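In the two complexes below, chain A is the common chain; its partner is chain B in one and chain C in the other.
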Partner chain A sequence: MKRYAWFIPALVLVTAVLVYPALRTLALSFFHLSLGNGFRLEFGGLDNFVRLVGDSRFRASLVVTGFFTIVSVTIEFILGLLLALAVNGFVRYQGVVRTTLLVPWTLPTAIIAVLWGWIFNDQYGVLNELLIRSGVLHSPIAWLAGPNTAMAAIILADVWKTVPFVFIILLAGLQRIPQDLYEALEMDGAGAWAKFRYVTWPYLMPFVFVSLTFRIIQAFSIFDLVYVMTGGGPGGATETVSVYAYQTLMRYLDLGYGSTIVVATVLLLATVALGLYALLVRRYERLF
Partner chain B sequence: MRYFARFFVVILSVIAVAPLVWHGISSVKPAAEVTRIPVTLVPAHPTLSNYAELFGRRAFFSYCLNSAVIAALASIICLACSSLASYRLARVTAQVRSLISSALLVVAFFPPIVFLLPLYEIIRAVRLVNHPWGLIIPYAALNLPMATLLLTGYFQQIPEELEEAAAMDGLTPFQTYSRIILPLAAPALVTTGILVFIFSWNEFMFALTFMNLESTKTVTVGIATLSGAFAEQVPWGLLAAGVVASSVPLIVFVLFLQRRIVAGLTAGARN
Partner chain C sequence: MEPDGSGTWSDVIQRFNDLHPDARIRMVEGPPATNTREDMYSTAFLSQSGGYDVVFCDVVWVPKFAAAGWLLDLSDRLPAADRQDFLDEDLKAGSYRGRLYRVPAFTDAGVLYYRKDLVADSPATFDDLKKFSERFKDEKRWGFLWQGKQYEGLVTNFLEVLWGYGGDWIDAETKEVFLDRPEALLALQFVKSTIGTISPPGVTTYSEEESRNLFQDGRAVFLRNWLYVWALTAREDSPVKGRVGLVPMVHAPGKTNRATLGGWGFAISRFTSNPETAWKFVEFITRPDQLQYIHERLGRVPARKSLVPPEFEPILRAARPRPAIPEYAQASDILQRWLSAALSDRVSPEFALREAARETRLLVGP
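The block that comes next holds the complex of A and B.
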């Protein structure tokens, strides 16, 4: 058996299902191909990209996606970190806690959207009921009908699902820190903050970057949660770029322009990812 | 500090399961009670009618069966292809390996919508729309980069002397792989397989686009579109039952395989 023969099955699969489609999407972004022109493939050069620059709906979806990504990843990271520190330092039954917290992460996002959609329901939702009973609210809020509350609802559902992921990664990082480093600091009379600042944080740094990179990329491509929970509404207030691209491709059947939206999104995402990577490499070199 | 930390962990653990518990409660309420205002926190007349409807009158069982078959076959194909590739990948020079690993990582991070339209064109061209293989192959490929990265890390830990010994005993490289390396790598294969299964079971966008018949829908699409048929009157009790019933297999997974799932996630993070 030749050396390269081992790679053939994987290579065939990746080429047919990932590489070719990605290249085709890239190519289509320079063409007109839609229901409107009778699905005739016409080369349009940069037409679609020019249209994209002037597309206010695309700009709005970028703002929505960016806002969602920044807010939800920040909350997820802070909660995940606190949770990992608390479990690592003060909890005896770590297996039980890990199992419990892992449940939301393993559930399908589309199902989570249905689950939270009902909790946020204005008439029969349990959230309004609890808030009214505890005196926080006087009358029920139509969460998914208001632009700001719908965004808040989506962020909450996403946080609920992905805090466990950040927690698991960071807990694994914490458990790999050599304990004698802490003992050495204790001998010098260092307090809890100093231990965190000079041992925990620097050692945790690679895990921090891994979890953040994963989360930022996934949050930026979010589709399931929004599509099922609000469909991008009300009035586009929660429409992310993936949802807009999906609608353009599959509902308006504007295949050329839809591909352009996808390509632009990937380029933006790549820029963010490269920025993060550069940051990571710089940090690494300084710390290790 | 200690008590504050424990309190924090307990609160978040409660929040992690509370929404599911609430759906569990709602799913055993009769239709009239689910939409009663004020909401009752404990069902007055528990009933299994929602589940009876879900499994009896709806295609829920077929959704689950579709998802299970698709996710299982996707995992097996993904493992077969990725284990072959990663076994070789673990034995090339570090330079080549880091090059290929980076390329795989980039592909793994692409938003799935990048592949959606051309993949749909292919699947339609080969007449696999509404056919399980129309999702099995894409899922196997979609998870292949992650699986390959995970397995490569594991294969690197297996000492090369083992292969040299096997070669001396007259085994071909493929026999060495199938009879000696694969059994040794069983824990890693199980971990990776579980993750691929979960990701395939949970996938929504491709399933939504490639499967549109009631009889071919997967469980995520089935539940997400359950309410669509009733524009005005959403069958909340039925939806709650659907959420619970489709979550149960995953919860069982977590209960029994928590250690493996965590191991897979953290190994992925380290690589």
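The block that comes next holds the complex of A and C.
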């Protein structure tokens, strides 16, 4: 009994900041509670979920979020892996390189978003300046003004910020692989690709799972970059689920429906994470 | 409160505390983004706790906060003499359903700045705006700058053009929606026609500062912005110092010009444990001498007739508030999204306005 008492502070803290808000959000998603009904708590059963299914703005934001997540995480993963493989080869100065590469990850996202906003500015932007000087463009492009270029701009900013995260996790994974496995393969006359295919990749799998899970969850809930760079525009073309949930909860003060959006999103994400788990972890179980 | 970099607000609060030793007003500084401060207040109010006693309140928050029952009714507290002196539109904008919830402190309004060294007569109509823009724009200089990013500023820009064509958005009393009327289409077509011709293609990504920087660097003939730009263009290090004039937004022939009203004031939380002290403070900080002091330090324009600088009078006479409905944030979002979709060529202007009108009716309709 005495031993368990030590858990009480942690338990209280987790309950207060995590379990209670989560349960309350879940409960609220079945209620009407908004500025529109004078903040009277009324049980609505599945009303909010029915509304959600018919909500074209929610569907549009899901598509935007899904697209953003798939594209940005794929690019981030490939770049992060290549960087990790490259840096793992460095024996000297590895600490310096590692730290330098981590800098973008440590900066606050909202500030990064403001900076990238100026980089993509049509009149003052560095990007247009570079492209015009190198002869790729003749006249400046208003990157954040078009639906597709705005999405590309946000993805680029996100890749810049989060490649270091994937990189550092995969690098940790690489450094954990026993060197004698490579030596054994070398004795059998294996080349670089075989080493990667039969040792590096399977041994890296737990780290692949961790980095992908974290990145997918974070990308799916992206808010600050979008909110600052485009506000969800133009015409809602970059509005993600989090931005929509924020608008509904904080600006429209529709707490019931806003909670429903959040709950539905969490359920979706949990499904994706479980799918990923089934796909990667189960297959390489013995390595975890 | 907003960030108090210059210490001006602290000075005023200190003076109040010195006069009332039994009352201690403490300032809580928030972030500079106004919608983040709106969220801070909303969060405190939703928990029904004390949190803040006095609210430094943006003009567009009033209907929402008042409808939610979060603000004290101040109608009977404000003396008649003050009621006379405060700008009528600012008082109206501080009211909800005929009751006053916010005492005005500073007013603001949309302004059309122009380069008076280029444009000899002050522009009056949309045609003037186009004509002078075409005439004086060159490789280094654009014609007309405005704020076209999908955010609240886009609505204020559009409203001024809409009103200038004799149109309107929502009637707060009757809940009528006018967005699918011909005037609205003319307004949207005008705004859209500026993009890439007299306005830079990126104008649909600008908020206030992007457009002000270009104008202040001498790279545009016209700029639609707020009153704060006036003091900045007049600074010693400003390339356009002494070469800027200001008028309210231009209009269609036979119509009148209108400016979107902005501005800040003070309200009192319904959850305060100290309404008397809170009121004494609101009364104190909105006194002419205090407002004048803040005006001199921060450039804010006092919302009192007796203190408005003469050069701003024509603008403020043209100022009109946005519709005072509790669902304002949603109505504004509907308009922002459809305007932005039309301006970025995702849908036609006709379709955008028809859809915006339909969604707005669903929102505010009976």
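Simple rule for what comes next: the second predicted complex is superposed on the first by the 279 of 288 C-alpha atoms of A that agree within 3 Å, B and C clash if a C-alpha of one lies under 4 Å from a C-alpha of the other, contacts with A are read in each partner's own complex, and residues count from 1 in each chain.
Here, a contact is a pair of C-beta atoms (placed from the backbone, for glycine too) under 8 Å apart; a residue touches a chain by one contact, two chains touch by 3 or more.
Remember, it's a predicted structure, so these values are computed and weren't measured experimentally.
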item: Superposition on chain A - do chain B and chain C clash or fit; value: clash
item: First, second, both or neither for A:I70, with chain B first and chain C second; value: neither
item: Which superposed partner A:A145 touches (first chain B, second chain C, both, neither); value: second
item: Touched partner set for A:F207, first chain B, second chain C, both or neither; value: first
item: Partner chain in contact with A:L46 - chain B first, chain C second, else both or neither; value: neither
item: First (chain B), second (chain C), both or neither touched by A:M250; value: both
item: Chain touching more of chain A, residue-wise (chain B, chain C); value: B
item: Touching partner for A:T230 - first (chain B), second (chain C), both, neither; value: second
item: Touching partner for A:Q123 - first (chain B), second (chain C), both, neither; value: both
item: Footprint overlap on chain A, where chain B in one structure and chain C in the other make contact; value: 121, 123-124, 250, 255
item: Chain B to chain A touching residues, read off their complex; value: 1-2, 5-6, 8-9, 12-13, 15-17, 19-20, 22-23, 26, 34-35, 37-39, 41, 77, 80-82, 84-85, 87-88, 107, 109-119, 121-122, 137-138, 140-142, 144-145, 148, 172-174, 198, 201-205, 208-209, 219-221, 223-224, 226-227, 236, 239-240, 242-243, 246-247, 250-251, 253-255, 258-259, 261-262, 265-266, 269-270
item: Of chain C, residues touching chain A in the complex; value: 35, 38-39, 42, 46, 64, 67-69, 149-151, 200-205, 210, 213-214, 219, 326-327, 329-330, 333, 336-338, 340-344, 346-347
item: Chain B contact footprint on chain A (complex, rising order); value: 1, 3, 6-7, 9-11, 13-14, 16-22, 24-25, 28, 79, 82-83, 85-87, 89-91, 95, 97-104, 106-111, 113-116, 118-119, 121, 123-126, 129, 160, 163-165, 168-169, 172-173, 192, 207, 210-211, 214, 217, 220-221, 223-224, 227-228, 242, 245-246, 249-250, 255, 258-259, 262, 265-266, 269, 273
item: Complex interface listing, chain A residues touching chain C; value: 35-36, 38-39, 120-124, 140-147, 230-237, 247, 250-253, 255
